[in-house]
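Alright, structures below, take your time with them.
One chain, chain A, links the two complexes that follow: it is found with chain B in the first and with chain C in the second.
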Partner chain A sequence: MRDELKPYFRENRLPHIWCPGCGHGIIMGALARAMAKMDIDKKNTAVISGIGCSSRATGYLDFDTLHTAHGRALAFATGYKMVKPESKVIVLTGDGDCTAIGGNHLIHVARRNIDLTTIVFNNNIYGMTGGQYSPLTPNGSKATTSPYGNLERNFDLVQLAKGAGATFIARSTVYHVNQLTDLIIKGINHKGFSLIEVVTQCPTNYGRKNKMGSPAQMMLWQKEHAVTKAQADKMTAEELKDKFIVGLLHQEEAPEYTEQYAKMVANLMGGDDK
Partner chain B sequence: MVIIDQKLCKGCGICVSLCPKQALALNEVNKSYYAHPDVCIHCGMCELWCPDYAIIVERESKE
Partner chain C sequence: MAKQAMLLQGNQACAFGALAAGVRFFAGYPITPSTEIAEILAQELPKVNGRFIQMEDEIASMGAVLGASLANVKAITATSGPGFSLKQELIGYASMAQIPSVIINVQRVGPSTGMATSPAQGDVMQARWGTHGDHTIIALSPASVLECYTLMIDAVNMAEKYRTPVIFLMDEVIGHMREDVRLPEDEELTIVNRKVITNSDQLPYKSEADGVAPMSIFGEGHYFHVTGLSHDETGFPQNGGDVVKANIDWLNEKIDRNLDDIIRYEAIDCQDADYIIIAYGGTSRSALQAKILLEKQNIRCGFLCLKTIWPFPYEAVKTICQHAKMVVFPEMNCGQLVGEVRKILPDKVVPFNRYDGQLMLPEEIAAVVENAVKEGK
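Showing the complex of A and B:
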């Protein structure tokens, strides 16, 4: 590992437990590089995760970290941010953790516009528990719980986040690792709730069942199926059917919850000078 | 120069397959090594794509 990245890792915990070719390590690397580029204040940064292979990342990162309960990372992060509003809080979560058991927390954290940066490791499956389908498993894909193909309709996390009020929404892949690093920096710098969905590969429990080939072939799949917003605008619905849009997809300014809360407290206590 | 930490490499083959110049290969114990330094363009992508932080690309020491 490059010396510049070492301050961000608990090096004695490496190598990590992720399978050979698992994309989760690429996301964690992109996060560490983003932190190095921003020269982030380690003392004022917390990294919080739920449960899943992806959520294991907090064990390897040398920050104030919380490895919480399945689906509850955003709830813990809300508490942390309320108590330490001056800190940057980064949430690492899986597609199952974030959109299934944790879906309700996601809606309300986005609605409140709390200043958290959430990185969703979307490998389209529950990796840790052996490959059950998640809300982000594509229609028709095989999982241990959908051996004949997933019957459920495709679900767009970006649309959900937008509807719920997230003020920064982006999507990238581990193939597009430079774009990903850049979006993580932008998401951390954004004041308000940021969601970054990262398409990543689980060669062990998703790729194998769906005959997607080696980890590298799964990354080439990401390259071939990702389109920019500008490209998508010129494509027909038919052409867009198995594609997904990458890049910064939405950003707006809105009152941030912990700031509004601090203002209210100050007002109730009789003004800023007390 | 591409330095590959043999202790960290898990032999997933991502760097070998995605290197635009095919400068890397897997050795007999399934670890990546710098097989063809002459074709390497030091783009640094293998370092960014390595899920195990096993690779460092030194751009300056080409000659």
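Showing the complex of A and C:
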């Protein structure tokens, strides 16, 4: 490990439990590089996760870390941020954790615009439980619980977050790791709810079932199917059919909830911030 | 300056008790008959630099409470039966990760939506066993508006002292009843704050001599890990059989070894009583009146009011009741806590149950004893 990343890892907890070829370590690495570049205030940062492969990352990162229950990372993070509005809170979650069992918390935390940076490890599958389809498993894909192809339509997480009111929305992949690192920095610096969807590969459960080849081939798939907003604008609907858009896709300024609440408290207490 | 007498509702007293205990965070979801607690705290918490949030659902409320508590803020939620069911998983999380929290359940008639504005005591066993896995729990049940205040302070104190979720089991009668009360002076109150870790060398899940570990507080630069997975003293996941067993033993023992501190009850005229009525919560009111009715007939009847229902006060109940001819246990359910008394006084205890959403009448409780007297039992 490079020296500048060492302060962000619990080296005694490594190696991680992820399968060979899994993309999750690349996301964790991008997060650590983002933190190193920002020289993040460790003491003032909490990392909170749910349950699943993605959420094991909190165990390896040397911060105040909270590995919550399935789907509930954003609920715990909301309570924490309410009483610690000055802290940076980073939420690590997966596609099933965030958009299925935790979907209600996602839309409401976005609506409230609470300053949390949420990184969604989207490997299109429930990996920890052995490969069941999630709300981000593409229609038609195979999973252990969709052996004949997934009949359900998948969410477009970017559109979902936008509809719910998220004020910072980005998407990247583990192939585009430099872009990802940059987006994480921007997300952490954004005042308000940030959602960063990261397309990552699960060769063990998703890739194998869907004949996507080796982990390297799955990453090449990411390269070939990711387009920028500028590229997408010039493409026809037909050309865009199997593509997804990466980059910073939405950013706006809006009042941040915990800050608004703190202001209300200050007013009610007559300026006495005891 | 003495506090003035006030006409207060149980739910109001409960909210004021929480504030007096130092609670500074509440997350909840609207549900009858507990909603007044949320409404009062929405109004009062921001005035004392506290935080209130109405979450998107019951589960989220419980999650937010635990997140806030990890930042060293006393945090509670309030709900009723349907919401209590939804919160169960995270009550288990609080137990496993040892996060102080108080869950108020103002009981209504169930199962399911049942009757939202009618009282019941149907969640007694759920309070004990609602979340999965082996764990212990503290559950307190107030019998008056004043107790909604004083026992709430005890509930918060116990959550802090033992790093555990505490269930505050009210019922619709107690929650919505109004009484003239004079609240204790602030200086008369004992307020307990959790022990906290002061340096990174301390292990966050290493029990001290009192059976409790000082808590790792987020934001202090100690970089602890908190998980609902089986974990060792460091807080990190550990699946070794010895570690798993030791952790579960610890969760149980930290409560079970402190029964003297946790168990609260009130025994009236039990010493020479031929008959004793045991009750808790809203039923206590009718039970006490039944005792008075029986006294007027020269029947020697005692009254034992349980304030701590979990851990169940087996020793106290046995000691207080073993000389009686008969023990009557009225409950607004089909017979839940009476099962615990059966374990220790199988030949003496007689349940009396109503589960139609109606209050129990003193006369019908008294009649159980009167009939026994007639039959020479």
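Everything that follows uses one rule, which is that the second predicted complex is superposed on the first by the 271 of 274 C-alpha atoms of A that agree within 3 Å, B and C clash if a C-alpha of one lies under 4 Å from a C-alpha of the other, contacts with A are read in each partner's own complex, and residues count from 1 in each chain.
The rule is short, and it goes like this: a residue touches a chain if its C-beta (ideal position, glycine included) is under 8 Å from a C-beta of that chain, and two chains touch if they have at least 3 such contacts.
Since we're looking at a predicted model, the values are computed, not measured.
In the superposition on chain A, contact of A:Tyr80 is made with chain C only, not with chain B.
When the shared chain is aligned, no partner comes close enough to touch A:Ala170: not chain B, not chain C. Once the two complexes are overlaid on the shared chain, A:Leu5 sits against chain B while remaining clear of chain C. Of the two partner chains placed around the shared chain by superposition, neither chain B nor chain C is touched by A:Ile125.
When the two complexes are overlaid on their common chain A, residue A:Val246 makes contact with neither chain B nor chain C.
By the touch criterion stated above, A:Met264 is placed in contact with chain C alone, chain B being left untouched.
In the superposition on chain A, contact of A:His16 is made with chain B only, not with chain C.
In the superposed three-chain model, the partner touching more residues of chain A is C, compared with the other of chain B and chain C.
When the shared chain is aligned, no partner comes close enough to touch A:Ile185: not chain B, not chain C. Counting contacts as defined above, no chain A residue meets chain B in one complex and chain C in the other. Contact residues of chain A toward chain B in the complex are 1-2, 5, 9, 14-16, 18, 20-26, 29-30, 33, 174-175, 177-178, 181, 203, 214-217, 219-220. Those residues of chain B that touch chain A in the complex are listed here as 5, 7-8, 10-14, 16-18, 45, 47-54, 56. Of all residues in chain C, those touching chain A in their complex are 24-25, 27, 46-51, 53, 55-57, 59-71, 73, 75, 89-90, 93, 216, 218-229, 236-237.
Chain A contributes residues 10, 13, 42-44, 46, 48, 58-59, 62-69, 72, 75-84, 87, 104-105, 107-108, 261, 264-265, 268-269, 273-274 to its touches with chain C in the complex.
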